[in-house]
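What follows is a set of notes on a single structure, which appears directly below.
Lettered A, B and C in written order, each chain numbered from 1.
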Amino acid sequence: MGQTKDETRKNTGDMSQEPQIVFQNVVKYFGNTTAVEKMNLTVKKGEFIAIMGSSGCGKTTTLRMLAGMETPSEGEIRLNGQRINELKPSERNTPMVWQSLALFPFLNVIQNVEFGLKMRGIGTEERRRRSLEWLSRMAIEEFAERSIDQLSGGQRQRVALARALVTEPPVLLLDEPLSALDANLVVRMQGVLSRLQKELGITFVYVTHSQSEAFAMADRVVIMSKGVVEQVGSPQEVYRKPASRFVANFVGSNNILNGDVSAIDTSSVIIETEIGAVRANLPTDHEYSMGVHLGLVISADAMDLSMTEEQSKDNQFRCRLVSESFVGAMVTMLVETDSGIELKIQLFQKELDQIGFSENTSSSGTFLWVSWSKSSVYILPQ
Amino acid sequence: MKNTGRLLTVILIGYLVFIFIFIFTPIITSIIFSFNSDRFPTIPLGSFTLKWYELIYNDPDVWEAAKNSLIVSVSVGILSTIIGFCTAYTDFRYEFRFKNMYLALALLPPTVPLIILALAMLAWFSKIGVSGQLWTIVLAHTVLCAPFAMAVIRLRLQQMDADLESAAWNLGASEWLAMKEVVIPFALPSIVSAMCLTMAVSFDEFAVAWFVSGLNKTIPVMILEILQGNIDPQINAIGTFVFFTSMTLVIIAQLFFTFRSPKATL
Amino acid sequence: MKTGAQKGLDGYALTWRLPVIFWQLFFFVGPLLFTIAMTFFLVKNYRMTEAFEMKNWVKMMGKGYFWDSYFLTVGLASLSTVTATCLAFPAAYTLAFKVSDNARRWAVFFLIIPFFTSYLVRTFSWYVILAESGVINNMLSWIGFGPYTMLNTKFGTMVGYMTLTLPLVVILQTLSLANVDRRLIEAAQNLGANGIWTIVKVIIPSAKVGLIIGAVFCFILSFGDFVAPYYLGGSKPPTLPIMIIDTTKSGQQWPRAAVVAVVMMVTLMVVAFASIKFAYRKK
């Protein structure tokens, strides 16, 4: 049962074709509830993969199964080509950065970092040397002898990372590690994590409910809902081409419209939606016919705004401003069409200035014109 | 209105002080009388003396009883803390069928009157043929004390991040190693605390000890037997010694208990 | 999440689970069951022989002095429970509502100390204090009162019981009162309820379970205590615990002592279950 680390390593070399992590039809029940349903997922060596979803979607259970804290009820999980379902947590080299960090409060910083090496029976001196190396890599070597409760949130984070990475694992698991930090620190730690992952070239499996964290760092994103994998893809794909209504909703800054096909020509399709007729590009492999019900996704940043009606727009609707909010140079506006449907628009402040939009015009209740090209309309798979 | 409220508060606090005086009067008088020369101590006090202490110091029976008490309470402290720790950890870590029954079995002994336990233990030990030995007191006291140890350690484990143990496994520690390297170090203050408390309980227990000890008297049994005879101020001297021993144990226990866990007392 | 890596029972899980089971079955449940069995044994020529006879039960139940003792003990324990509950409540109320958190912690700290210190020595102190020529009577005589007989009376017994139970009852009451939702109290006061009314209608019902648990512990402790009624109460007539001691120590009549013990157990169980049922009863 217990394979040593070296053997595991050798496997990696021999089976370079095999993805590093494979979930094959993995199911996990807790009593009568299904936490994870028929999960199939492969992760390549050196990939940064983020598993996303709201709480209770099964993302943490997935991670815990990888770490061995939970055993799959069905299916198989392979790490470097080796089935690991039955391995105890201590027999895998899949260290984890915990949401609570789970640093040992009765040990000081360096003893925390040394822990994994000590458990593997590595001698005192080497243990110390390698831990110090990691502490300096994380730029916290000066705190080596401090106790945990003397550290700030960001410093603890680094201790947790160093503790997990000191054994040079092939895979690092991260369970919402940044959720307790304040916004500034989150951005900084994202940078630290991305750089670290590239330098080390090891696989990161990152569980989060935060879209911005996932999209900022991950090569690929897994979106889960109620134990089911809804979509796996690059952040771009997930953002531009959501595989399901759930994903489109979850990704957030999307406008979702529904309607029936009312006309089809050689290059476009017209859908009669709740705000009126919307023109979209006709996909080459389409199977649409008149009257078919379709869901449309138009992302908020694909929308344009003007103060007057303009000619030659694929789609243009008259709206009234509901609210606006500024985050840095970005403006998110909520507008209401004549038909009473709210649309979300994201623009740069600069663009707003160019079209002559100002606080005064917005408050006077003047009409705005929202437009988007037909190529930016994404039709949800049926 | 406000004045009546303040008056009421003053009255209530005065009452509280009265209750504390009632509770601590016997402890304090016993200490004072242990230094008092009168055979039957009263007010006004006689002269200061150490003769009662000299008396017990020169009494081999007292030494014998003290030795017995020490052996018993240390053994009980260790045994009941081990059992209490096992139970507390089981309750912390595992869910299983009949867990309620398990916990009831573990926690019920202190609700049974000592005199009943004393009779039951006496009969049981003579039935299995081990009566009248010093270590049978240890067996009996451990039954009584393990629940206290369990409660103290369980409260400490309650404060442990549930991920801490998993984190140790995750870093390559087997369950046994994680126990040694994480759970026990974390619970250590409460383990010391539980040990002191159970020693204190055992050190003061007289009913069960009196029934099962046979000829091996512990200090409380000795006090009980002196009480049955005449008034003897020796009791005050012994009592003061007993008080300081128990109080030291209880205070150490509380210090460790509140160590790094200020919320634990209330 | 309590689910560990392994399901089912392995050596590790059993190592922690079994000790208390074995210990308590062998040294707690075993002795108690044996005590029940013993009530049917016989004593012949000063030797106990195993049997299954009702003789001990018939003998004990048929004696007037047994029932005198029984009702005396129940009465004393009940009186002790009422006294302790009433004496403790204002103190616990003060600790819960009128002092700082820090003061409350210290108070509980001090209340725990007597719980772990020799009850025998404290009883002996009271003996000296309450005696005919003791501290209190001497002090009273200076102002021309007394002497009063306090030892070997019910009053003496109560002082002993309070020494045993009051700290615990105050602690339990304080804990349950401190947990009463402050917003409830404020709401009651906003609605114009005065102090007493708030206590009776809001605080006591909210803290009911804790108050009753305190009372039950007081009853159990007083009911099973032999020191207070023996040394301060004069032991005439004897309470049930004293009867167990006399029967066991002098008479060698373990089976009859066992009958008394079983009757005590049954009484306590009835009291405890009834109280808990009452405590959790819906309005």
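As a working rule, a contact is a pair of C-beta atoms (placed from the backbone, for glycine too) under 8 Å apart; a residue touches a chain by one contact, two chains touch by 3 or more.
As the structure is a computational prediction, the values presented were derived from the model and not from experiment.
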Which chain has its Cα centroid closest to the overall Cα centroid? B
May I ask which two chains are joined by the most contacting C-beta pairs? B-C
Any idea how many Å lie between the Cα centroids of chain A and chain C? 60
Suppose each chain is reduced to the average of its Cα coordinates; what separation in Å results between chain B and chain C? 17
With chain centres defined as C-alpha means, what is the inter-centre distance between chain A and chain B in Å? 55
Indicate the residues of chain B shared as contacts by at least two other chains. 169, 175
Quick check on chain A: which residues sit in contact with 2+ other chains? 68-69, 88-89
The positions of chain C in contact with two or more other chains are 3-5
Would you tell me which residues of chain B are touching chain C in their complex? 8-9, 12-13, 15-16, 19-20, 22-27, 29-30, 33, 40-44, 82-83, 86-87, 89-90, 93-95, 102, 105-106, 108-109, 111-117, 119-124, 127, 139-140, 142-143, 146, 150, 162, 169, 175-176, 197, 200-201, 204, 206-207, 211, 220, 223-224, 227, 231, 235-236, 238-239, 242-243, 246-247, 249-251, 254, 265-266
So in the complex, the part of chain B that touches chain A is made up of which residues? 161, 163-164, 166-175, 177-178, 181-182, 185-186, 188, 260
Flag every residue of chain A that touches chain B in the complex, lowest number first. 67-69, 88-90, 93-96, 98-100, 102, 104-107, 115-116, 118-120, 163-164, 167
So in the complex, the part of chain C that touches chain B is made up of which residues? 1-5, 12-13, 15-21, 23-25, 27-32, 34-35, 38, 87-88, 90-91, 93-95, 98-99, 101, 104-105, 107-114, 116-129, 131, 133-135, 138-139, 162-163, 166-167, 170, 175, 178, 195, 217, 220-221, 223-226, 231, 241, 244-245, 248, 254, 257-258, 261, 264-265, 268, 272
